[in-house]
Amino acid sequence: MTVEIKKIGVFTSGGDSPGMNAAIRSVVRTCAYMKIDCMGIYRGYQGMIEGDFKPMDARSVNNIINKGGTILKSARSLEFQTKEGRKKAYDQLQSAGIDGLVVIGGDGSFTGALIFHKEYNVPIIGIPGTIDNDIFGTTYTLGFDTALNTVVEVIDKIRDTASSHNRLFFVEVMGRDVGHIALNAGVGAGAEEILIPEENLGLERLLESLKRSKASGKSSSIVVVAEGDKTGKNVFELKEYVEEHLPIYDCRVSVLGHMQRGGSPSCFDRVLASRMGVKAVEALLEGKSSLMVGIQDNKITLTPISKAIKGHTKIDKELMRVSDIMTV
Amino acid sequence: MTVEIKKIGVFTSGGDSPGMNAAIRSVVRTCAYMKIDCMGIYRGYQGMIEGDFKPMDARSVNNIINKGGTILKSARSLEFQTKEGRKKAYDQLQSAGIDGLVVIGGDGSFTGALIFHKEYNVPIIGIPGTIDNDIFGTTYTLGFDTALNTVVEVIDKIRDTASSHNRLFFVEVMGRDVGHIALNAGVGAGAEEILIPEENLGLERLLESLKRSKASGKSSSIVVVAEGDKTGKNVFELKEYVEEHLPIYDCRVSVLGHMQRGGSPSCFDRVLASRMGVKAVEALLEGKSSLMVGIQDNKITLTPISKAIKGHTKIDKELMRVSDIMTV
Amino acid sequence: MTVEIKKIGVFTSGGDSPGMNAAIRSVVRTCAYMKIDCMGIYRGYQGMIEGDFKPMDARSVNNIINKGGTILKSARSLEFQTKEGRKKAYDQLQSAGIDGLVVIGGDGSFTGALIFHKEYNVPIIGIPGTIDNDIFGTTYTLGFDTALNTVVEVIDKIRDTASSHNRLFFVEVMGRDVGHIALNAGVGAGAEEILIPEENLGLERLLESLKRSKASGKSSSIVVVAEGDKTGKNVFELKEYVEEHLPIYDCRVSVLGHMQRGGSPSCFDRVLASRMGVKAVEALLEGKSSLMVGIQDNKITLTPISKAIKGHTKIDKELMRVSDIMTV
Amino acid sequence: MTVEIKKIGVFTSGGDSPGMNAAIRSVVRTCAYMKIDCMGIYRGYQGMIEGDFKPMDARSVNNIINKGGTILKSARSLEFQTKEGRKKAYDQLQSAGIDGLVVIGGDGSFTGALIFHKEYNVPIIGIPGTIDNDIFGTTYTLGFDTALNTVVEVIDKIRDTASSHNRLFFVEVMGRDVGHIALNAGVGAGAEEILIPEENLGLERLLESLKRSKASGKSSSIVVVAEGDKTGKNVFELKEYVEEHLPIYDCRVSVLGHMQRGGSPSCFDRVLASRMGVKAVEALLEGKSSLMVGIQDNKITLTPISKAIKGHTKIDKELMRVSDIMTV
């Protein structure tokens, strides 16, 4: 199946995450180092369909390693979900001479990549770029570490005002299906309670925990709530529920939202992106395809994309226990 | 009217703001320097009523200059709005030997101070601590500068993701009655449009401006909205309105909320707090009362509290014009 | 003397400072708003001599308001100090049709501007861009506020390790001729002692102050030293002197250096830059020249450059006293 | 060998690192959760000798998870290196009823722990707290991640001014014996060249690399130098050497120094500290001793301290190659 790769296309797809630019830079520079051509594909699969390409050399990625977002932009493409759309995309790649792809994105982007590869046999390697850290085959996804720092820095600020006023804050963080951000940032921010999609501890337990916390002498508390928590209540309803059942607290809500996706990447994410980009290009040059670059035990690894998208990484039971102990 | 001051009580009242701790530190250390006693009063007027006092010396304020919030806590006190409450407060001050007060807070706190002074003739000096910058007699209130930095840093992050996805973001910032945060942070963050309580430019203009911006080649935009904007729509309704009338944009909302009150104070706020604390104690020692410390033309000044609370500082027309020009 | 201005050249000169990009953006966009042409001149006066120009429109300054450094680069030009060099520069401006200049820089840059204007009568307006805050006619120079935040954030970190090990740190900050950074950041960081070029308090006083501090129960201390302090010792010699004469302290040195010039500008500097850029263009269009834009009492003002460069702004005696009191 | 543990002493030793406070908090709260006593030992082994102890409960570690430094202080102890000193320490532990120890520190601290355990059989568990990341048996030491972020943030600022002036900066970072900070932060900051103790690439290669970089169109460059680099020249001599042999660059030096040890810990370090503290207490309660808690493949592990201190972790060859490729 090995084809000789002469020109690699790189693109970002799905929700953006900090470190995507560092990964683009790494792919582009590795191509330059290996003396093969590199083409930036704008706006993900949609740009591929439209032939929105631009040649990139080592200098075109100067000064982006520390920038949030993605210079190649990202977009949803309904058209790529159709056979016609994918045909157009393939034709564009053909006429541009692109014979290998690196996709930086999450599981939705990877699913598209698999289908495309099956239909047109264009070699494609994935780099997991998402703040959610929800992909099999890698301990960390690109952007997760930065998002955690963003969240704890904001909660640190919220705690200032919470403890000045003896308030209870409900802080909603990203995570519709997985609670990795909530759990890690919750532990990092010293949250009293953490509500995640993976486990419904029940509203009773929340009240108990908050009562105990107040009794123990804590003057203020933070409850971190993942978007997809399973209590059946959103963060505003949770606040009302607690105010009603536990009138000892003056409650407030803060929804962190999209700021979690942005910001200059942490050193960890920059280094990870640099390592992953090199590996992605190398894999293509070795004739591989349909694999995702990951990091496991601090080594850069390759995992079949088909496995990577099969399910979510599980929440860490040990860390949930640590969270419990910390709120003693 | 001069009484010899031997013991000063200091407290924070109303919404907290970054720099309050630096101001407390300054009051406490100036007392130590002047060799008079200082008493920390916890939880504002409510703590005064309850006699929640603690003697403070130079070392009790170590390592707080860079901390957000207020170590003396803050609280609303309904009881202090009654004659009985104020009587209790006075009795507590008497029995603790406190013969002068420094109140760090906003206009609500100052109003209480004036009434209390009229009734009991306890000398009282105010330090304007609020992120809203809405007090007459000072160009800057404590915490305003820090809040602006917090807001622009968050909007910088939001812009990363906005421009990656060609989105329009509506960002709500604090400011129920005044638009100083919105206007300054909006200009600082390069916002496309800024909606403030002081001026209703109308929804038509907003649409025009966004249309023009898109046409000019901008791929993403930020609209900063003060809580109290006068369009008659809240930030979520604004988003819906724009999506409906201007379907060229993919819109999102972000409500920054209480994080704006927290965080380590900027150097500006720390220096301002240090200067104001010295002046407040000096004013008391000079037999003055019912004055607010301010900064005007980079000089520390004193203004009658009665004038300070009379109305809001006006929005800067020149800065509104600058904002207009910047979004060309 | 009024000439009709059709094309404005903008450049940065001397040491860079945070906010220069925001000022460039403001000048460029104000030109666009006023419908006159704008030309970016690269590398200061040297680029002017070499005709290193590039037309700029409103979109060429997208996404730079929050960037440190200067996209127009800066450089020293020995050639511009010669008559021949300035002749070349004038010829380049002529052939590019540039009939007005905005120079963003410090007093060296302004001196060059004055000479050039005298010789060739090209209208020129200055914007004070330097972290040193040493220019008459403006309370704040562009970049000063950001530099202060950088310094206090770093000293906050140094204090963590200082107080963990009960150490005394000597921290050198920028300021060869003026102590504004040292004094303000020293007060903001809670420094025990601040050594500035303007006043030589003597080594005896330093020892006394440190002895008193130790005796008062402080476990660690920070001494902020401006580059140009007048003790006759550099920061390393100071450390040795104190170690020798006051063996109660374990001492360390930290020289902050060039990081003070970089970084994303604070909101204050971004807003200031935006306001100054508008005023600079307006002044040119009103036929003015040889003036510097400044901010005084929160209003944007114009001062003859000849006055601005005449001497340094004086150190604030009141703030020195505040510093003394704070270290009680 | 199992003894029933009733009271655990916790202390920090050696150079401080961000996350130490979070680890103290975790040890203290885990003790509270397990319903055993906990005693804080101040100033490391020296405080142990002097009996500088303080009982700690869950509330005594409120609000420290996000603080740099160590509330228990740290110090070198020459006395503990003597038999007499260790005897005193043991007697102090005995009389305080401390029957288990958690030491948070680096390899020096661990060596002391091993000797002490051999002599007095007090169970002791280590938590690797050092920014150097130079300890076997853990992929990450506490504080390493935070230090990397500090370094890249500072280099980002330095790059602003470097690229404004087309300069070459030599930035010295910590690392006398190991180059982990230099290599990771160098890759993260996009450094042109990275000089580490583990490998002497020679000055010729440095010149070649810088020449190539200039030729490739880069206008500015950063060289990251670990303290213990093997070129035989310190960072100032390096600068002079390059200026002499490669006069195309205007060079500057920045020595980052102790700021690298301080600062609020990253989320990663806070979570790691929390997990490690739990494991340390659990290990003691299970009758274990002389083990170090580590993290490997994202799991919390235990390694004999004797192995942990045997040698340095090796520099990552793959990452060095990534660094090479990135500077194409």
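So that you can tell them apart, the chains are marked A, B, C and D in the order they are listed, and the count of residues begins at 1 in each.
As a working rule, a contact is a pair of C-beta atoms (placed from the backbone, for glycine too) under 8 Å apart; a residue touches a chain by one contact, two chains touch by 3 or more.
Model, not experiment: these values are computed from the prediction.
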{"item": "Chain whose Cα centroid lies at the greatest distance from that of subunit A", "value": "C"}
{"item": "Distance from subunit D to subunit A - Cα centre to Cα centre, in angstrom", "value": "28"}
{"item": "Approximate Å spacing (C-alpha centroids) for the pair subunit A, subunit B", "value": "36"}
{"item": "Numbers and ranges of subunit D residues touching at least 2 other chains", "value": "156, 159, 163"}
{"item": "Chain-chain contacts as defined at top", "value": "A-B, A-D, B-C, C-D"}
{"item": "In the complex with subunit C, residue positions of subunit D that touch it", "value": "12, 15-16, 18, 20, 67-70, 73-75, 150, 154, 156-166, 169, 219, 252-255, 257-259, 261-263"}
{"item": "Contact footprint of subunit A on subunit D as seen in their complex", "value": "25-26, 29-30, 32-33, 58-59, 62-63, 65-66, 139, 145, 148-149, 151-153, 156, 159, 163, 184-185, 187-190, 216-218, 264, 266-268, 270-271, 274-275, 278, 296-300, 316, 318-319, 321-322, 324-326, 328"}
